[in-house]
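Just below is one structure, and these are the notes that go with it.
Labels run A, B, C and D following the written order; every chain starts at residue 1.
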């Protein structure tokens, strides 16, 4: 139990996928202008990450390994993730057309969010079991969501700040993301002792 | 007769930003005296470099934006940043690192976001964290404080500070005069499987009520902080919450395992605890803005500092704790809007 | 035993009241001319019923109204109407149509002004009607017609009449002077108002820094022997006299956001209004005069003056010994919420409780203020009596973010000016919020217009559709009728 | 690599693809997208002048086009920059200037009929999208200024050009300053 908790905390805070590993920066910059959109993105990514972790592990463990097809894993995982993302998109469009509009291209682009594939591959590399894979995926998703929501509220505040012309918009967002990463370095080495 | 028709109110209390800032500088004086007495005059050297750099950086940033620099230089906010950074860095730091840290603090921590009132992060802590990450060796080398070994004189400390300030190789001539801070020594000792009572018994780490050297600085900072609270320049919420967030878990942990966990007194009077609680975390620009939000914000800082001190990779987590809670401030503000008169909760 | 202040915050300010309060009320001699603004400070005007050249006596009706927010006007002196024209006035926008009456020096009284035989015999409705006809309006600063307020209190079955003698704003002390000199009038008026409002009890609230007024009112209440009439001494904290805050202090109940005090079971009236009601009940005199504080470092002898409504402010200042030093601002009201007037030719309005002539000594800090960026110190939030976060509102106002302004409650701002007063960055917050409220109002009006247009457009389209369908049906009918003979050649009988 | 392995790999990949395809197809057919709520919210931000300057027949059709991604948000001159800003905020798109191809911003104006010249032909009545013109055949017509949106659609049908647009009469919004007595 403690192991699982540490795994989740590690994936969400210490080795935060965005701020420590710099994975998934595309939606991090792209969908952080408005809180509603960011919340939707955080939930969608959490959903995709968790499901993809579980399914990719199952496929790996019970299909690819028994059949000796380990070399197909990247292809199979991407296919799987694309399918889950498509399903998510159908769901979002049905439940909230506004959110669908807000997320726009970034919703199908969860497929290419390297954090998702990264988690699937890391699960295999670190020889996680099914439960561990799910927890790791959910922890990574929660960490992504947390970073995204914090970043979005920061950016909303910066919207009304008197930022120099040269830094308006994405530049100041990137500086902010950099300083967030600097702050997250405080978690470096946590639990190493 | 004709009169001017400016809008109401027609009077103001006249308690202005520059006066607030200079009160803060004044309240830092006791901690500064303790610092100089225990660690030599390095602080004064760092202060002078930091202040000059900060004023120059502020003026340059405003000139670049085509704004009038004079009011901003007079408002004293940039001097507060310089002071806080100078108090945080080791007094032996080569001057160019102090200058670099200050310039980064003012330019990257403050003016990229638009200057006074706009910066989401505490500028001094931005500068400090960058220095700490980039120059870990220089940033953790402190003079051995005066109250550890009576055989060293203050004038030797002064000469060493000057040498360090100029960038001389301290290891060659002053080995034994420099060392890790108390929190760092404890952390290393625990890493080597010593127990806390064993480490404290050595005598060079902790004195009667706190870390050697730092205990007095913390006490002086506490006095200055209480002055600010009594003048209502700083409201009590953040300091109380920071100390609560740090001391409550350390009290519990110390009770559970006194062999490893630092007790609340040692936590309170070591590292940058009091400086953080009363001067750094209370920077209003980068803090949460409602009373309830400030309690959450302060408690978060205390708790994260405790977590980093206990399990983290850095001996004193105060700077990172402040930065981490800074980035949560807009989120906290979003959910801690107080109830408006006449509205349902 | 003083009740604890229970609204969110507030601040004890320098009151500056002793300047004007030391001397008894000065009775002003009738001025040569009065300027009666049709709008008496509520934003809504009455309609003149006299023409230029008409002779009027004291108490003659000169402007009437059916509007609930406007009040009737009566000639405060005998003479001739010499002009009805737009002039500078102490109202929003700075100008209003005014009736100018030149006095003839006589003290002729209009025949209509007769003592009310027995106010107690009138029903609450009749009382309210008579008060409206007498032009009685809130003398505390808002100028809102008393009868309208009474009606809303009866509609909502308010049980408590709260008589506001707090007078929390710096410099103003006309209510204090009135309570000291005419406490019996205040109490008599309170009882009449209590009946007119359908309330069962009456509380007179006075701040604890007015011991003489408290003593006088205590005595007057003692002479009445009425259990449902009590005095409440409240702490002197600005803005204690603001209606909502006062209700909360005295009753512990909050007035709902966007609602009226009557929604909390309370109707508020000013003590001076009660005294005016008593004056009407005893002599039949409509509202012709009021007590006004003339104060500030810019006048020679600060004092309280009873003056006819419409008296040019220059005449009031002359009665106080004239200007002194370099007056910079002429303010109708106190230092926190008063409106700076462009000229001293405007007439006294019913709503004007103070004429504050400010020199550099009084407002110097404001004049020298340099606005700096907000440092989010939160001092404003810690004094806001409405529990708002002015620092956040300020950001929203600068960004013109209407949703944020609404959510953060800019409409709950009572415009007391305290945030502005304490701001270390010297940001003119109160004015920013006034401006934001105006923009919200404009946006709401635009949105309303768009919604109406949309509805009418939908009706229009439906009607066009129906017309097209009807036309089509008619065309089909015709075609069928034209075709029918050919379709059935055997049918030729008709 | 043996042929078997290749066949197996292709089979696995194909099986996965087919499974996903069937599942997605089923999901798409079961879950109906709800487009109207978005159109409503966009429509609520449009000024409802029904002027057709966006080249859609009214505000709601334009809202539907925005929701469907068929039109940009920069086509509404009567709403001006404020409307573009509101739409950009709702849809989280970068604000952009009005497209000049659809006309420029104009001061708020309302139609006014010169009653001396009006011949009472009633042709402007159906043209008005919000029924702001009152009148009947061979009677003089009048514009209800408070209801006119200034869309200019009544100008072309008028055979004698007796309609012109005039500045909106100033409406004073009364904002009453609350007082702390």
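Going forward, a contact is a pair of C-beta atoms (placed from the backbone, for glycine too) under 8 Å apart; a residue touches a chain by one contact, two chains touch by 3 or more.
Quick caveat: nothing in here was measured; it's all calculated off a predicted structure.
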- Could you work out which chain's C-alpha centre is the most distant one from the centre of chain C? A
- Determine the centre-to-centre distance between chain A and chain B, using the mean Cα coordinates as centres, and give it in whole Å. 34
- Per the C-alpha centroid definition, the whole-Å distance linking chain B and chain D comes out as 55
- Note on the structure: Expressed in whole Å, how far the mean CA point of chain B lies from that of chain C is 51
- Can you give the whole-Å distance between the Cα centres of chain A and chain D? 37
- Task: Mind pulling the residue numbers of chain B that touch at least two other chains?
- Result: 115, 118, 333
- Task: Quick one: which residues in chain D touch 2 or more of the other chains?
- Result: none
- Item | In chain C, residues with contacts to at least two other chains | 333, 336-337, 339, 373, 415, 434
- Message: Chain contact topology under the given definition, line, ring, star, complete or other?
- Response: other
- Which chains touch? The pairs are A-B, A-C, A-D, B-C, C-D
- Query: What residues on chain B touch chain C, complex-wise?
  - Reply: 1-17, 19-20, 71, 75, 77, 115-118, 235, 284-285, 287, 289-291, 294, 333, 337-343
- Task: Could you pull out which chain C residues touch chain B in their complex?
- Result: 7-8, 94, 170, 244, 248, 254-259, 314, 323, 327-331, 333, 335-344, 356, 358, 362-363, 365-366, 369-370, 372-378, 381-382, 385-389, 391-392, 407-409, 412, 415, 417, 420-426, 428, 430-431, 434
- Message: Per the contact definition, I'd like the list of chain D residues that touch chain A in the complex.
- Response: 5, 8-9, 12-13, 16-17, 20, 23-24, 27-28, 31-35, 37-38, 41, 67, 89-92
- Note: in the complex, chain A contacts chain B through residues 35, 149-151, 153-154, 156-158, 161-164, 167, 172, 175-176, 179-180, 182-193
- Item | Residues of chain A defined as touching chain D within the complex | 31, 33-34, 37, 59, 63-64, 67-69, 72, 75-76, 79-80, 82-83, 86-87, 90-91, 93-95, 97-98, 101-102, 104
